[in-house]
Every structure is written in C-alpha cells, then in structure tokens.
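Below you'll find the structures, each written out as structure tokens.
One chain, chain A, links the two complexes that follow: it is found with chain B in the first and with chain C in the second.
Moving on, here comes the complex of A and B:
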C-alpha cells in the first residue's frame, strides 16, 4: 500500500503536466472547502448534508442526474474551449460572454423565423450562431493586431454592447407579447435528443454533448498536429519571435480570436435551442462566458483538460440544483467557482508546494540524501 | 438664451455626478498601474464597496433614526473604502507575493464580488436588491447655491461624494507628482529593478499602490450606489471597466483622465437622458442604442489612442529582482 502511494507520487513528480494537474485539483479542493466554510457560517445545521449533496450531485437521481451533468457541462466546455484556445495564442478572451450572447441571439432569431428550412433548420441555426460569434470575436482580434488595443478592455466593452444589442433586437423583433418573454424557437430548430433520452431517461441531455466533444477533438488536433496550431502557439509565446520566424503574427491573432468567438457562439446556440429555455431579454450578462475562464484554467488550457473540467462544472451545477432543498442560495456555486479561479491563479505557488511535498516523500522512502532532479 | 441656460443647469450637475465616481475609480487604476500591477478587479471591488456601504447605511438608519442622511453617506463612503482595501489585499497578495497572472486573479475577484453580493443579499432579504430608499442628494448647499453660474452647476442637486472626490483627486496629484512616495511608486512601475538598487522596497510600494486602488474603487462603488442605484442589486454594469478604459484613454495622466472622464460622462448622460434632449427625442431610436454609446465610444477612443501606449513599462509583470 505504501509502495503504491510512493510510486504514484513519483509518477506525478516526473512530469510537469501532472504536477500542474495536481495543482488544479488542489485549487478545486480549496474552492470547495471555502464553500463549505461559507455554508457553515450561514446555516451550520444543514451545511454538511447540503455540501455532501453538491459534491455527489450527478448521482442523486441515478441516470437522470448524470444526464443533466452532461447537459449543464456542454456550454461550459465550449466557452472553456474558447477561452483556452485564445490563451494558447497569448490572448485573454474575457469576451466569451458577448460572443455567446451574439451566437444565442442569432440562433434564436433563425430558430423563430426560418421555419422553411425543415430538417436543416437547427443545423443552420447553429451555423449562424457560430458565424455571429466569430464576427464578434474578430473585432477585439483586429483591434489587437492592428491598433495595439488590449483585448481584455475591448472584449469587456463588447460584452456590454452585445448585452444591449440583444435586448434591442429581442424587444423589437423577437418578443412574445402574450407570454411576455422572448419568443421560442420552432420545434424544428430544437437540438435533436437522438437516442440519448433512452439512456438517460428524464434528463435534459441532447446532441450538444456530441457537438462539444467534436469541438474538443478538432481543437486538440488543430493545436497538436497542424502547422497552423504550431504557429498560433508560437505567436502566443512571443509575438516578436514569431514575426522574426516569418509567421504572419497579425493574421494569427485575428484568426485565433475568430475561432475562439465561433466556439463561444456555438455555446450560445447550445443553451437556447432547447425547449423551455428562453433567451433573457433583460440587460444581464450571461455568466457562462465567465465560468469558461475558470474551466480553461482548471483544464490547463488543453482541450481534453477543458472537457474534464467542464464536466466537473456540470456535476457541481447539477449538485447546486438541489441546494434549495437545504435552504441555501444557488449563488454559492458561483462563489465556489470564483474561489477556484483565484486559487488557480496561485498555481505557480501550488505547483511549488506539490513539488516540495513529492520530493520530500519520495526521497525519504528511497533513503536518498542528495538532490534528485524531478523534471 | 434663458432656455439654453436652464438646460445647461439641468445637465451639468448630471454630468458632474457621473464624472466624479468615474474619475475616482480611474484614479485608483492609476495608483495600481503606476506601481506596476494591473488591476482589472476595479469592477468587483466597486461591487463590494457598494454592497457593504449600502448595507451599512441600512443598518445605521435603523439604529439611529434621527441621523442626518449625509452623515450616513459619509460613513458609507468610508466603509466602502475600507472594504475595498481589504478585498484588494487578496489581489495584491496573489500578484505581488505569489507572482500569479494578474488578470486571472482579478477576474476571480470580479466574479466573487457579484456572487457574494447577490448571495448575501438573498440570504438576508430573500432577493438581490437591498432595501435602501433614502435620497442622498443635496438639494441646495446653503449660501453657495446662490452664487451665479457656479451655484446652480456645483452647489444644487449635488452629492456629498462629489466634493470628497474633488479633494481626493487634488491630493492625489500632489502625492503622485510632488512627494517621495509618488516618485517611488512611479519608479516601481517603470523599472522596479532600478528602484530596488536605490533602496526602494518594491514589494511594499506595490502593496501601497494596489491597496490605494482598492480604497478608491471601494469608495467609488459606494459613491456609485448612493448616486445612481440606491436599491443596490449586486451590479455596477461595467462602470469599473469603463473607469479602466478612461485611465487608458487618458494615457495614465491625471489631467487627461479628467478630460476623458468628462467625455464619457457626457456619453452616459446621452445614454440615460436621451428622451430629454431636444432633437434626440424626435429621432425615436430604441433606448438601448444610446445605452451602447459609452461602450462603443470607448472602443473608438481606444482604437485611436492605443497605438502609442504610455503605459508604465513594468505594469503587469511580476517583480523578479534578479531580472535585468
């Protein structure tokens, strides 16, 4: 038993990626503990049962809650992927929210008005969302590449422009006055549920999970196996060096933002081409875009990692839906996510802790006294 | 002419009430960036400051029934500044001692603040809005309001926070450009290694910069809540980010920041008062179009002013004393 423990530690210690992953897990644990502490302050009696329900959310109601975990995970995986992709090119896409809003608005507009498309209706709606997100992402990309404006400030401004634009279009073209809310997409524009409803009966799962996995695969291949992906990463490491190496670094910056925006746009379609969900017409920012930042960080900006982190979020969100039973406000999930982001910002420090811990343990068990190179 | 004058007397106090918190928070951004730390958490710090100050105001008006509302506001502003300082300590710790990515840690603060404000309000009151309905405006300042021109513009329909902000802004210009501390602060943002070689404690100076920004943004949040949104609902609608944009467009210089703040306040005035403007109200455009204006204007201004950035050279980089 002890042997296995040491071996695992050794295996983690040998690879920098594994050390980073361990620090992600530590960030999650810190966030959850903070949430528990807050719950203990608010309502000590219900805190432990409530907390236990949150972390076991996907298994509360068998396959139904498990299916919902995937359902809640889909938009987050996509926005996380969008942020992660921009990260790889050294850009901080805090504008995923705006791109998502524009995507959602386009998808709902097509979903409500273009019923003549028949069986292709939902496909066109998703593609439209992708295009809208890409265009919205292109603006900060262009401003960054050609006018040297920091993408964080521009994309934050564009989030608010998208928010008001969304309200304006809905109030003028998409408002259902009888139900006093945003009109609902036609049935032909809804995302197909396929056979998934049979596997996860009663859950809200749909084709979205396959679309998310598809984008994870595409970005993974793009970043790892293609010249274009290599160029993007090179631009991310050093803009000047990549230009010196003959790459068109301006084009790369714009394209990275366009792709990131497109993925966020699809996330918007995934959220609102669903029965029973209405695109909010109020002027509020859709928070899924910001959560994507957390997911990208936890997933170490790698597509596969983002998928795992996104599913973790889906599980947490599903657990959060039970919180009302224990008289807690569901915003506690957002607080936990924020604390997790804070601790993932401290990742350098956490990695150092992990490394020292592993070095100490493995050395002690092997009886070595001299310094061992772990990298 | 008379009509024009009364129109100006109507809009100028509104511009002033927009401008004061905007300039204050932009000044906070200036302190932190001059010391070499980027702080995009100004938005979240504003939310924390606004939330606690309004909550404190509710408690104080409950405990001391006869207390003058202006004293409640003053206490609220100070509590907002205090909370902002404490909250920004987490960002200072992460970005100075832990050398973490400053944008990420600040994003965490932004998300935390909104979630915390909404969560706490809903736990205490059952909904996200704080039930504070007192009006904090000063109708007329005695004596001064009867001075021609200056009286109607600066001393009627005014807010206490505006006067405090003017004082803080003036004091900050002295601190930043005429004192030893200001020089050290600016040197830590330009070339921290050089500053350290002359015996300046870079860590300490950067803590001062970030905490000052926290205090100013917290107070700015309180001023925002007391002027625009008495029933505070956990959102300042990008006001903190606008302040950041004001600072960047103002090229990190206090006087230019004031000018840009004036411009943005005019944009915000158009956004909120579009129906009382002669000419604009006949166009019949959707109100959301005007609401977008300040943000679009920011984009345009930034596109034309960022090419030759005057940003402090070391802003955003964790301090590494061994680096050359």
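Moving on, here comes the complex of A and C:
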C-alpha cells in the first residue's frame, strides 16, 4: 500500500503536467470542502446529505440528470475553451463574456427574424453567432497586435459595450411587449435534440454537447498537430522569438483572438437557442464568460482538460438544482465554484506545495534505498 | 601573511547537481586570488556562499580566524566582504554619490546630509585612484566608470575582502589595464581581492595565486608566476586546449552581403544609432565587426536581419535588394542569424529542443504536410543535429530549451542556423558567457563554415575572438564605420584606440 502511494507520487512528480493536474484537483477539493463548511454553518443538520447530493448530482435521477450535466456543461466548456485557446497563444481573453453576448444577440436576432431559412435556420443562427463573436474578439486582437494595447483592458471594456449594445438592440428590435421580455427564437431556430432525447429522457440535452466536443477536438488538433498551432504557441510563449523566426506574430495574435471570440460566440448561441430561455435585456454581464476563465485555469488551458473541467462544472450545477430540497439556496454552488476559482488562481502556489510534498516523500524513500545500496 | 578567508570543505547541492563538492579555499591578506573555472564549475556558487546568498550544506567559513555563519549579504557586509556582480547593481538615474551611499545614508534629523558622504567618497577615490565625478549620473558615465562606482561602493562600506565577478567582460583593453592597476593598488593598501574569471591572460597579469575549479571540485591552487597559461587551461578544462585557431588563409569569393550607407533610426534615443554604415562580406571569409558594447552593433544586426526598420541606405543579399524585405523573406533568401540574446530571440524556451531546431523551417517539407506537423521527420532531424553538434540535454530531443544549459542552448541555435544551408551567417557574440571548451568548439565551427564557402559576419566584443577568427575587421564606433583592418597587421591595442573613438580613419 505504502509502496503504491510513493510510486504514484513519483509518477506525478516526474511530469509537470501531472503536478499541475494534481493542483487542479486540489483546488476542486478545497472548493468543495469550503462549500461543505459553509453548508455546515447555514444548516448543520442537512449539510452532509445536501453535500452528498451535490457531488452525486449527475446520478440523482439516472440518465436525466446525467443529460442535464452535459446541458449545463456546454456553454462553460465553450467559454473555457475560448479563454484557454487565447491563453495558449499568450493572450488573456477576459472578454469571453462580451463575445458571448454578441454571439447570443446575433443568434437570437436571426432566430426571431429569419424564419424563411427553414431547416437551415438554427445552423445559420449558430454561424451568425460565431461570426459576431469572432468580430468582437478581433477588436482587442487588432489593438494588441498593432498598437500594443493590452487585451485585458480592451476586452473588459468591450464586455460593457456588448452589454449595453445588447440592451439597446433588444429594446428596439427584439422586445416582446406582451411577455415583457426578449422575444423567443422561432422553433426552427432551436438547437436540435436529435436522438439524445431517447438516451437521456426528460433531460434538456441537445446537439450542443456534440458542438462543444467538436470544438474541443478541433482546437486540440489545431494546437497539437498543425503548423498553425506551432506558430500560435510559439507566439504565445515568446513574441520576440517568433518574430526572429520570421513568423507573422501580429497576424497570429489577431487570428488567435478571432478564433477565441468565435468559440465564445458559439457559446452564446448554445445558451439561448433553446426553449424556455430568454436573452436578458437588462444591463447585466452574462457570467458564463467569466466562469470560462476559471474553467480554463482548472483545465490547465488544454482543450481536453477544459472539457473535463466544464463537465465537472455541469455536474456541480446539476447537483445544485437539488439543494432546495435540503433547504439550501442553489447559490451555494456558485460560491463553491467561486472558491474553486480562487484556489485555481492560486494554482502556482498549489503546484509548489504538491511539488515540495512529492519531493520530500520520494526523496525520503529514495534516500533510504540509496543508503541500503551503499552499505 | 594572515589568512583572512578560510573556507573548508564547502559542499552545496542543488537538485540534480553538486555545485560545490568539498571545496577548500583560502585568501591571504593583500593578495589577488583568481578563481578560475568553466561555466558551471561552481565559482559563482562558492562566492555566493561566501557572500551569504547561499547556505552551504556542509563546510565551515572562517573570517580572520574566527568561524562565522553568513546568512545574508548584510552579514557579509558587516564582516567586511564586498562583491561586484557581473551585472552592475546601480540605479541609473541616480548620481554616483547617491548610488554609493544607497543603504548607508548619513542623516541628520531624518534628512539626508550628503556633504560628509561626498567628502568620504572624494577621499577614497583619491586614495585608490578611482577617478569619478560624484555628481555625475550613472547613465551618463562609461561602463568602466560604473565599475569604479561599484568598487567605491564596497570601499565606502569599509570592505577589505573584495569579490569581483567577471569584472573585465565589459571593458576595452585600455580599461582592463586601468582596472588591473587599480586592483593592484588596492591589494598594496592591504585589501584582499578575489577575482572570478575565465580569462587566463588577466590572471597572468593581475593575480598572485589562482584556484581552479572544475565540475564543482577544487582541482588545485597554484602560484600564478610559476604556471603557464597552458597549464592553467588544462587544469580548468581537464584536457589540452589549443589557443591558436587552426585556419587557412581565406579564399574570399564573390560578394554575398553588400551594405551601403545604412542608417538606422532609434525612436527611443531619437537619433540615428547606425550612421551611413557600409561594408561587404564575401564568400569564404569572416568579416568581424568589432566595437565596444552599445555602439550600434545591436541595431545594425537587427536592421540587417529585419527585426528593425532601416531608415536609409540599402542592403543587398546575393544580388537581391532586401532593404525592406520581411524577416522570413531574408531567411529564405539565404540569411542565417545567431542572435545576440539567445534566450529572448534565439529560442522559444518553453518549446522542446526538437521544435526549436525547426524554428524557421516548420512550414517547409518534410516537416510540414498539408498544414500538419510531421513528427517523425522533426524527431529524426533533431536527433541528427544533436549528434552532429554534440548538444547535451537530459532528455534528448524532447528536453525543454529552458532546462538546457547556456552552452547547449547556444549549440542548439548554432546547429540550427548552420544546418540551414544559407550563404550568409550572421553571428552575434556567439561565444558570450560560454566556457573555454564550448568557445573552442564554436570557433572551429565558424571557421569550417567559412571554409565551406559561406560568408560569415561576426559581431564580437571580445578582442581575442576578433583577432583570432576574422579575415577582415571593421571597427564600429557610435554607429559609424571608423576603420577597416587586416588582423595580421594591426594590434589589439591599436584596435582599442579606434573602438574607444580616440582614432578614426575613413572607410576604404
């Protein structure tokens, strides 16, 4: 048993990626423990059963809750992917929210008005969202590449521009006065549910999960296997060295932001091209974009990691829907996630802890065996 | 003579390396003691232990016969130990006096009183012939003078054990002579000096004794007067080193690079930093641009390689005007570039070695097919270069460039640039900071490139390198070509005069 333990530690210690992954898991554990502590304070009697329900959320109602986990995970996987992709190229895309808003607005606009498209309606709406997000992402990209304006500043400001623009367009063109809310996309614009309804009966799952997986696969291949990814990552690691190598580092920065924006835009379409959800017309920032930052951190900015982290988010969220049964507010989930964000932001610190811990343990055992050998 | 520093059995281990392995070292009062060794031999570690920057794992230190524990540079200063680091630690927009008193300010009622301090600085600088103007700003004085400020800083703190880390790396021959005179007079006044260096000539000129380290172990301490350069080098490297570079006479062919009236404007200093510079490099020759650091060499190379726009004049490579061509176009037109800053420009530090070796070729077959990287050819190309250029890493082709030693990083860049079959190789300080073994190797490679018919443009600050490698020398001073020389008929001293701007002649 102890052997297995040291062996595992050694295996983790050998690869930096594994150390990083361990620190992500630690962030999650810390966040969950904090949530548990909070629940104990709020309602000690129900805390443990409630907590248990949260972490087993996707299995509470069999396939239905599992399907909902996917449903909740989709936009977060996409925004996480958007942030992670930009991050791989050395850019901090804090503007995922704005890109998502622009995407959602475009998708809803097409969804409400372009019914003549028939069976292609939803496809065009998603593509429109993608285009809108891409354009919104291009702005900070261009400013960064050509004027060296920091993308964090510009993309934060564009979040607000998108927010107000959203309200303006809705109030002028998309407001449903009878229902006092944003008009609902036509049924032809809704994301198809396909056969998934049969596998996950009663859940809200739709084609979105396939679209998310598709983007995960595309970005994974792009970053790992192509010369374009090679260039993007080189630019991200060292702008100077990629310039020296003759790469067009300005173009790479713009393209990276365009792609990141496009993915966020699709996330917007995934969120509002479904029955029963209405694009908020109030001037509020859509939080999924910011959650994406945390998911990207947790997923170590790797597409596959982001997918796993996004699904974890979906699971927690699904678990949170049951919390009211135990007399808790579902907002506890948001707090837990916020704490996980905090800990994942401390990931460097956690990595160091993991590293020293592993070094100590493995060294202690190695030192012993060495001594034996010298004797 | 009294022994002022006695280090016994110092061992310092870093993860994976033993930087110092039971090293003994002693310093006598009033001597200049050189500490010689290749990069990574443990010189700096040993001195950092003495200066309180590192804790030794084992061993003891006695200062003037008393055993001490030095926990921080502050402790070291209290014990009268001072250190001049290789990269000066001066505040550039402060005056000389302000820099010297920094941390030791005299105050009265909480207000600075400079007069007394300046008085003391004046006295010290007279006593040791360290001429500097206490009111001059650091950014306005030469590197040699900045070094004097660093020495004064130690003396002001009443240090009598002085450690100088590679003090001559940034100086001209004349300044080096000056420095050695100063060091000797300091020693005569009873100061004890440790000189960290890998330049044998200076050890012969300045030091009394010399301790040689190799791979963390002490090889021995010798009397400098009774030891030859060759013996010292052999102790340092562990094998015989040839000081003369074997090279045939150059057979210069057609012109590969033609630079005419080149001007480069700097937005930062708002003036031309390269002025009407002109020269030619031919096939089969090594042209060296010699000069003191900061005389426009960096900008010149950036302009030639496309990293910086050219504001006037023209650059022609193989008959093709590349004055305004992109970096990629220049690279494809036959230009290879070993950059000055290998970590900033030369390598993507977070990429594995194999990716770094295809940095300008990743888009060309066989490394690319239909937009996808071809991992098998990339790996085999990397392994070929690792073999051919003896690049040593812990993990072979997949080692991160960041985790490689400086010498191997440089070898990787040189391997990449030399394997690209270009007509022109621009090498900027290709041996800076490397040890004798690696320097010898890189010098041989440069000569072999020349013999293969490439045009080599070498930019170097090291006069020894300039004299022994080049077939022609162009001296650059304040961005201008102040003279062209044949290394066979010019002395280092003469070149030094041109490099420092005391003499000039019109370019032929």
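One rule holds in what follows: the second predicted complex is superposed on the first by the 352 of 375 C-alpha atoms of A that agree within 3 Å, B and C clash if a C-alpha of one lies under 4 Å from a C-alpha of the other, contacts with A are read in each partner's own complex, and residues count from 1 in each chain.
In this text, a contact is a pair of C-beta atoms (placed from the backbone, for glycine too) under 8 Å apart; a residue touches a chain by one contact, two chains touch by 3 or more.
Just so it is clear, the model here is predicted, and its values are computed rather than measured.
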By the touch definition at the top of the document, which applies to A:243: first (chain B), second (chain C), both, or neither?
second
Which partner chains sit in contact with A:290 here, chain B, chain C, both or neither? Use first/second/both/neither.
first
Looking at A:331 after the superposition, I want to know if it touches chain B, chain C, both of them or none. Which is it: first, second, both, neither?
first
In the superposed arrangement, does A:178 touch chain B (first), chain C (second), both or neither?
neither
Using the superposition on chain A described above, determine whether A:230 touches chain B (first), chain C (second), both, or neither.
second
For A:198, select first, second, both or neither according to whether it touches chain B, chain C, the two together, or no partner.
neither
With both structures placed on chain A, which of the two partners, chain B or chain C, ends up touching more residues of chain A?
B
On the A-aligned overlay, A:161 touches which partner chain: chain B = first, chain C = second, or both, or neither?
first
Write out the stretch or stretches of chain B touching chain A in their complex.
40, 90, 94, 98-101, 103-105, 107-112, 114-116, 118-119, 122-123, 237-238, 241, 244-245, 248, 286, 288-289, 291-292, 295-296, 298-299, 302-304, 306-307, 309
Chain A to chain B touching residues, read off their complex
42, 92, 94, 139, 143, 147-150, 152-154, 156-161, 164-165, 167-168, 171-172, 283, 290, 293-294, 297, 329, 331-332, 334-335, 337-339, 341-342, 344-349
Residue set of chain C touching chain A in the complex reads 15, 305-307, 326-331, 337, 339, 344-351, 355, 359-360, 362-363, 367-368, 371-373
Using the touch rule from the top, collect the residues of chain A that touch chain C in their complex.
225-228, 230-231, 233-234, 237-238, 240-248, 359
